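Some structures are shown below for you to check.
Same chain, two partners: chain A is paired with chain B first, then with chain C.
Right after this comes the complex of A and B.
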């Protein structure tokens, strides 16, 4: 990846190379996915192989630490390894947790949008299904059964509504802070019709509407911070 | 005025501290439901009247038509308010599922209605089943770790416990140096506190 070095302003190029170098480790990839997931208003594609690899690595490191302890290795070394495990574990847990919290919040929306539904892992789909059952039952018990017949749906306000207008959706036009990974050229960031293309250089930080940069995040050209 | 009670219900939720629940307002809730039934009766009466008069509700725009519309819209508004009330409370309950496992402390439990209690039970079971599918406890590690070990003070007598790296006697008031992951569960249950600085 010889990105940025040519197009970017000279001062950044050394840093770019360094960044691309370290971003090849799984820990860094995990950190990126975690940050993106935290900052994005909607749920992103589940990084199944990355999660799988991270878990294997954690297990491997745990075994190493145990071996070190048995062999009476320097406690400082052990402690450093342990810290590394803890950090990776935190990233992993927080990543999964953030996703579950999004599922909890937007479960009905995710369920009816096939594109979003396929972004979930198998376990997350199971979780979402059960959550939806629980929530539906709860809403029905507390409110819906007590309402008149034509107003009983949990997705629609009444039978007259043509669309599901009772479903909470993520705000895709919310502003997010993002950093470009490489030179992206000018970008039409405003759909208001105004001519306002933005020159995006590597390492620049912008506050933009999530909707307008969504494809760039999915392809990894842009990171959320 | 139509819809005022439902609005009160939502306002009551909004005015409570975020993340905190106040007692489920059964009284007001029932009143709003009653109001909904009232609207339906009047709505049906108007619709019947329009049918008898043979007027088509696409073309005739008379007083009855708009009367019916007002009742319909009030009903929908009430429904939205009721749903918002229940749903927002349910979100708080979802969050509880992350911090406390399975058993609700009494002071929270008495604020929920029966369906909410059931929801909490179901939802935290759902969460637990996800975690056991993954074989990973997500309820610990809520803040980024700085050090693998933290200093804690034991607030309630816990007794002898096997921790991941040692056998510890967690007597009341004891100050110990524990693995953060071990200590976190006790901290979230209020049995320990972290000593900082």
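Right after this comes the complex of A and C.
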């Protein structure tokens, strides 16, 4: 957890870390990952162990509920447990679905960028591969084979294109809205020459360029909201 | 690609924001006995009649719907506190009073499900409406300051307010950023003067000449 936050934050942030350590449940972590994934323009690292743990917890709880029903436990208690499971299930499903939507949108870009490809889970990679094949086949069958030779690529507009200019890429210059988890000191947010540091205190909400705060999201110091 | 705007617009739906707000805790006074609940989202209870305890709002509302508890509205939802907030909001043209991040959603949930637990509910409701209006007016005026020199914008607002202005703020800042970016200008110049055929629509341009 290194932040370039400079002096004066030592004891404070250590205490903060301790507090998040003891008070953060997997439910909170899942909620945070869901929000970040929904608000970030690009696909983020797959939270494999968190998803695994959440799955196990849901399964465990479902077994508990079944047992309750068998033992004739108070229906109110059972329904509350069920509501809790449903809420967690919703978060998990929505998290996974948000990722699939991004994969569908940026599949060709993700495929050719090693760094992005490794962010996917095994199942997501499988899904991406199949989507890519299907999309390629579809484009070829419906349009590309009927075009003149130099326009047959599904990645390029024509053979003289220097880059893959038909590949949709996430806009990393997009602005996002984020909330700080703790005091971050001054943050250089402006990379276009001018120094323009921001003093960010815990709980502050800012609209910032995604690219400039990306590392802070990855280390969990900022949350997207 | 440059002209494409995000079709999603709102990142979170109103229902999703309400879902998030439902995890905030609230004090309830149960009128039943129930053992401790060990849920995925945390441990709550045990519940004993007339003994106040802290639970997330979704749990409070579920119990309330079945008539198993009364909800104690949070401190900030009293007529006295809200009157203070409203006055302060009106006094200051630019700063915003500290209200819970989910104040709109929480108050709405309580108005919908626990009207009888809120003292002076009509007054409270109209105060919150007024506060919302005053704040939105200020947000609108504040957004006029958005300019090409804005690289970061501080928005210490509530979840719902942030979500409502998100498409405008992020879209506006992005456009300013794009227009003010020196790389962008150079690149478009380069494309125009230095490599007329190398660009993507090369062949068509040749035809036109």
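Assume the second predicted complex is superposed on the first by the 203 of 225 C-alpha atoms of A that agree within 3 Å, B and C clash if a C-alpha of one lies under 4 Å from a C-alpha of the other, contacts with A are read in each partner's own complex, and residues count from 1 in each chain.
Note that contacts are C-beta pairs under 8 Å (C-beta built on N, C-alpha and C of every residue); 3 or more make two chains touch, one makes a residue touch a chain.
Just so you know, these numbers come straight off a predicted model, no measurement behind them.
K.L.:
Please indicate which partner A:105 is in contact with in the superposed arrangement: first for chain B, second for chain C, both, or neither.
P.N.:
first
K.L.:
Quick check on the superposed pair: does A:87 touch chain B, chain C, both, or neither? Answer first, second, both or neither.
P.N.:
both
K.L.:
A:62 in the overlay: touching chain B, chain C, both, or neither? Say first, second, both or neither.
P.N.:
The answer is neither, since A:62 touches no partner chain.
K.L.:
Touching A:127, do we find chain B (first), chain C (second), both, or neither?
P.N.:
In the superposed model, A:127 contacts chain B only, not chain C.
K.L.:
Between chain B (first) and chain C (second), which does A:225 come into contact with in this model arrangement: first, second, both, or neither?
P.N.:
second
K.L.:
Tell me the contact category for A:79 with respect to chain B and chain C: first, second, both or neither.
P.N.:
In the superposition, A:79 contacts both chain B and chain C.
K.L.:
Tell me the contact category for A:164 with respect to chain B and chain C: first, second, both or neither.
P.N.:
After superposition on chain A, A:164 lies in contact with neither partner.
K.L.:
Per the definitions at the top, what is the overlap between the chain A residues touching chain B and those touching chain C?
P.N.:
79, 83, 87, 90, 157-158, 160, 168
K.L.:
Hey, which residues of chain C end up touching chain A in the complex?
P.N.:
Answer in residue numbers: 1, 6, 11-12, 19-20, 22-23, 32, 34-35, 37, 39-42, 58-59, 62, 66, 68, 151-157, 159, 162, 166, 169-170, 173-174, 177-178, 180-182, 197-198, 200-203.
K.L.:
Along chain A, where are the residues that touch chain C in the complex?
P.N.:
Going by the criterion above, the answer is residues 25-27, 31, 35, 38-39, 54, 57-58, 61, 74, 76-77, 79-81, 83-85, 87-88, 90, 150, 157-158, 160-162, 165, 168-169, 171, 173-177, 189-190, 192, 196, 198, 203-209, 225.
K.L.:
So in the complex, which bits of chain B are touching chain A?
P.N.:
Counting only chain B, the residues touching chain A are 33, 36-37, 40, 72, 75-76, 79-80, 82-83, 86-87, 90-91, 94, 98, 113, 115-116, 118-119, 122-123, 126-127, 129-130, 133-134, 136-138, 140-141, 144-145, 147-148, 180-181.
K.L.:
Hey, which residues of chain A end up touching chain B in the complex?
P.N.:
Touching chain B: residues 55, 79, 82-83, 86-87, 89-90, 92-94, 96-97, 100, 104-105, 123-124, 126-127, 130-131, 133-135, 137-139, 141-143, 146-148, 151, 154, 157-158, 160, 166, 168 of chain A.
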